[in-house]
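Once you've had a glance at the structure underneath, I'll fire off some questions.
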Amino acid sequence: MAIEAPSAPVLGQALKRKEDPRFIQGQGRYLDDIRLTGMLYMSLVRSPYAHARLVKIDKQPALAVPGVLAVITGEDLAGLGLHWMPTLAGDKQMVLATGKVLFQYQEVAAVVAESRAAAYDGAAAVEVEYDALPVLVDAKHALDPGAPLLRDDREQKTNQIWHWESGDSMATAAAMAKAEVTVKQDVYFPRCHASPLETCGCIADMNKATGRLTLYVTSQAPHVYRTVLAMVAKLPEQMIRVVSPDVGGGFGVKVGVYPGYVVAVVASIVTGHPVKWVETRTEHLGSTAFARDYHMNVEIGATKQGRVQALRVHTLADHGAFDSQANPSKWPAGLFNICTGSYDFAAAFVDVDAVYTNKPPGGVSYRCSFRVTEASYLIERAMDVLAAELKMDPADLRRKNFIPPERFPYTTPLGWTYDSGNYPANFEKALGLIGYDDLRREQTERRARGELMGIGISSFTEIVGAGPSAQFDILGLKMFDSAEIRVHPTGKALARFGVRHQGQGHETTFAQIVGSELGLPAADVLVEEGDTDTAPYGLGTYGSRSTPVAGGAAALCARRIREKAKKIAAHLLECGEHDVEWADGKFRVAGAPERAVTMQDCAFAAYTNPPPGLEPGLEATYYYDPPNFTFPFGTYVAVVDIDPGTGEVKVRRFLAVDDCGVVINPMIVDGQIHGGLTEGFAIAFMQEIPYDSEGNCLASNFTEYLVPTAVETPHWETDRTTTPSPHHPIGAKGVGESPNVGSPSAFVNAVVDALSPLGVRHVDMPLTRERIWRVLREHGVVSA
Amino acid sequence: MIPAAFEYAAPKTVAEAIALLRGADSGGKILAGGQSLVPMMRFRLAAPNLLIDITRIPELRIFKEESGYLRIGAMVTHGELERSAMVGERYPLLASTARVVADPIVRERGTICGSLVHADPAGDWGAALIAARAQAVVTGPAGERTMPLDDFLVDTFTTALGEDEILTEVRVPTPPALSGGNYQKIERKVGDFATAAVGVQLTLSEQGAVEAVGIGLCAAGPVSLRATAAEGMLIGKVLDDASITAAAAAAATQAEPTADTRGAIDYKRDMVRVLTSRALHAARAAIRA
Amino acid sequence: MKIPMSGVERVDASPDQALAFVSDPNRVGRCMPDLEDLQVADARHFTATVKVGVGPVRGHLKMAVAITPDPTKPNELDLAVKGSGMGSGMDMTSHVRVAPADGGAAELHWTAEAAVSGPLASVGGRLLEAQAKKTTQNMFAAIRTALQTAGAAGA
Amino acid sequence: MSHHIEITVNGTHQALDVEPRLPLVFALREMLDLTGTHVGCDTTSCGACTVLVDGTPVKSCTMFAVQADGCSVETVEGLAAGGELHPLQKAFWENHGLQCGFCTPGMLMTAKALLARNPRPSEVEIRRGISGNLCRCTGYQNIVKAIQQAAAEQSTAAAAGD
């Protein structure tokens, strides 16, 4: 498909966001802002134990609490066949526990009451008796002969969930054996959590008279929810309406269907009232989809001159108690085999073993296109380890190994075909802007004075826009996305999408795409998402897929409108359709461009004066099945200074030069990058959900799960290059996740660079002061 | 989350508040800023029967210098102290502490006395005010009694307050000439409890020797700690790199931190050393000629 | 979180008296610190409701305790505590060995390991260890005091 | 037992009967339908619930409604006086100081109090001033920029008024 030049200046402009007026005036409508008549409140009783037999649940004390109407347990759900539900990853998950609990904060019972306070009172009063069982916390011991078997409900009596491979293991082994230099490194990407500022929640409203269920829910993928609900609760799909109101941040944690939603639906059916359930922060951090938790071992084989030849990666993935990660169904490790990154490897092999532990389920979330963050971190870290082994500047090593621009489209040894890229140009721009050579000179001087300064580079490649339907589906649902546009008689348009934004600015950027394609100002295009009754079917917003997939649908849907409008234009211009051209936002007569009609003219005519034989109206729907992924890339450079006394790392500078193809709204792109970098910074330096030996979650609220404030957050410098995607209708690639995918390695590379005079090659995240201090002490550095 | 139900009273005088405490038969709890208590109530780890809100007692708002002391009433907030020009000029230890307590919004409601009564060893004011040799003024049915803050802070979450007593005021000696002070804190991010922190109050003689020094350690034991050995070895000494290094090492030896997500024992103990050294240097720099 | 603890209490009672005391739900049960209610189920089992009060943290824990004499060592026994309350779990295993001491007295050598789960561990964990140790020490100290009083009364 | 309280919210007198345990944020949201003030955590950490009580920023999840008796409360809904956007609202919009919008009301109220005390704060002072409010989306940079713009605009307006 050819790239069309933006037909109106609307595209590429830093338009102020259309969604903002309601948010800055407190008029957003988030889930908890909705109150329905007769609405009840639900609170969940959760397990304090990580692994225990469920001996007895006594509802009576809770039922005696004033205002409490019902207590629902797993046994109650079992009667309806709803105590387990299927996960998106092909496993199943308990809705309310029966028999035993498998992680701390697992859902055990639900209390429904007349008020929020009474629901909490009731939950505190439910008496549950447990018998503690041996706890499995460390994934590395999950397959030990003596390890407790967690999922005795499964046929396979093992804690192993699956084994997955990609690439040619023989060829990789051969190349590795022949390599002049090999390096090997264990790298752990810790368990962390997206934790948007709004927690998850829902209101289930089953109208007994109509038989219709409306579920208001904090969802990034409302249509998927509708279909899953229809399958789980065996309700006819047309009788379910899922509404995702304004969403207060998602970052992937609002893709999966959580047990609380299913219980709320049951509670609404049982009580005949709407039932609201909103998580506390503790419930959110303690039970919803975590991110990462990948134990990786990476090996690179290279020549002495630093030309990489082979990459081999073994990974142990900790999936928690249920395999409920929201991945494309045929891709259990997601897109992890993007791990050859920006470099030209002749051979590569990756395998992943997934195991159960007594921790909450999840695995794919936090601004990450299906395990791409782990992959990018791995290769960018490994390149620095190789540079250290070869005593080469990491920048030079990268220069030597970039896939050259002339080899695109480029197919990696692990099977991906990169659409477009110009890595050297992007890289040199970044290094020039930050003054890389000067920084290295400064570093030499500082090192001579005993100071610890580090420079870290990440030159990453992302894979986003899941995905082409031949290979990508979730529970069989192909991963297309959709747009529906109606142009009204007065030339104003309504555009609806199957995705659901959570702050990405779709109401503005999609209006810019549609407006630019139709010659309308963005202000005249109203964008609507989130209501399954009105929006066309779509798979949702995550994995940076909105622009690559729904953005493509927006452009192509608008072009479908334009095709019809062209017929009307010919009718109005009294010429043949083949004589009409679309130029500068108008339909013009070829050779007489002053004879022109606007889209508004055509829209009015579509309803008032359609050409004979043409169906009236001006509407279209488009389901866009992307021919390939898009592959955004970039170069990030971090400059850090370490306090040798406390181990504190100060990020002095951070530059991000992104290439996300054609930019729709530069202001929004910069905002996405700022936010993603801040999350990457948090992951690199402070965020982890650790568990103690009993499986207690040690970061179950914001006093322990650390979200950086404005004080810790560095100042971000941004710039970009533009390499359009050749297959995307407007050449865009998507950007939301790049900064989070690309930045952790830049931070860690910078810190390890600062410590490299001590012989340090790697330090695992999070790079807390204590961890750095310990490295310094182990190498004899003591300071005040 | 919403706390368990409780009764609420907002007395207008200290005497009324004490009477309410007595009447509540140990089920009563004083509510000042509430910034530590209310979150615990929301988790239902604390569930008092009666909350006695002392924010409406005018006499507890006292905040002035008098008879050689800075008097800080029970309702003086961290923010009020942080913004006080008088504190900024004459009490650099308190000024540098106030800036790092919790976060700026919590500081608007949280009180210095409330933080002391909470007696969390990772609370900043315990260490800072021990260094400042502050006095606790406790009011009960029998009237007022005054004690060094060292004696007021008994153990983790435990003070010398009786069931029917209120910490009505804390008194900080006004530093003489040639005095300086500083508070050094390591926190993982704004709003976190200290990983370790050290407060120093220092007075030098005309000759430059240490005439008086107070060193308080935060998050370095079950309760805010006075670094007695370090203090002892500095008296009469010239404050130079050698004496500071030795004192810092002594403070670290005395520290008894516990391991938690903020760090292991050896790290925290070493941070006591580093911060003691830095606070001593900074306190010396804060002395005005 | 797992909290290991141990201690030795010298008691003014003979080893037999001491052993009988710690084996008796009625007597050892009353040594639970801040006891509010004691229900003895049988000769080996009791349930105690205790008050928790550390500064602002206040609540109740219900503890089911099982006493299991060591079948091979007559002077030793296990106390297993299964507690719940405040949305949390508190399990403790402890082992007591009664040894003779000078002057016909006895020593209780005890080891214990407490495991705390739930909000008490995740919210209060920072301050919990010291408190758990103190409470357990208080329990054994109470046993010593009770034996002393019993001994004095018996004399 | 419920308590009768009288408060002024965004200039309007309100009489409410509240249970003592009701946090102020729920009184605003559920009794007065002022849902602009949000709840984001359980630990007084996030600041999404920040409102001004007698001009002082307060995390309204950690103050009981009963404590606000006799006080004047200002929420995000009261910022745009007479339908005209407050300079901070305008600046947040123009500088892309928000994405999902969930932290925005609390951030705006904190910024208002900050500028009332310090009309021309430095970048460091702004970053310190908003460090009791968490944002997961923006990385704060454009929020800081917005507050700087509003400060400049307000002081220009004040100078013009002199």
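In this document, chain identifiers A, B, C and D correspond to the written order of the chains, with residue numbering beginning at 1 in each.
As a working rule, a residue touches a chain if its C-beta (ideal position, glycine included) is under 8 Å from a C-beta of that chain, and two chains touch if they have at least 3 such contacts.
Keep in mind that what you see is a predicted model, and the values were worked out from it rather than measured.
Path length between chain A and chain D in the touching-chain graph (shortest route): 1.
Looking at which two chains touch through the most C-beta pairs, you get A-D.
The distance from the centre of chain C to the centre of chain D, each centre being the mean of the chain's C-alpha atoms, comes to 51 Å.
Note: centroid distance chain B to chain D, computed from Cα atoms, is 29 Å. Chain C has its Cα centroid 35 Å from the Cα centroid of chain B.
Counting partners per residue, chain B has 1-2, 4-5, 41, 43-44, 103, 190-191, 193, 261 as the residues that reach two or more other chains. Within chain A, residues 116-117, 124, 280, 282, 698, 701, 703-704, 707, 709, 711 each touch two or more of the remaining chains.
Across the assembly, chain C contributes 87, 119, 123, 125 as residues in contact with two or more other chains.
Every pair of chains meeting the touch criterion is listed here: A-B, A-C, A-D, B-C, B-D. On the chain B side of its complex with chain A, the touching residues are 1-2, 4-5, 43-44, 103, 186, 188-193, 195, 245, 248, 261-264, 267, 270-271, 273-274, 277-278. Residue ranges on chain A touching chain D, taken from their complex, read 16-17, 19-30, 32-33, 35, 116-117, 194-199, 246-251, 280-282, 502-505, 667-668, 670-672, 674-679, 701-703, 707, 709-711, 713, 715-716. Interface residues of chain B facing chain C in the complex, by the touch rule stated above, are 29, 36-37, 40-41, 43-48, 118-122, 156-158, 193, 222, 258, 260-261.
Chain D contributes residues 1, 3, 19-23, 26, 42-45, 47, 50, 56-59, 61-64, 66-67, 69, 110, 117, 128-133 to its touches with chain B in the complex.
Touching chain B in their complex are the following residues of chain C: 54-59, 86-87, 119-120, 123-127, 129-131.
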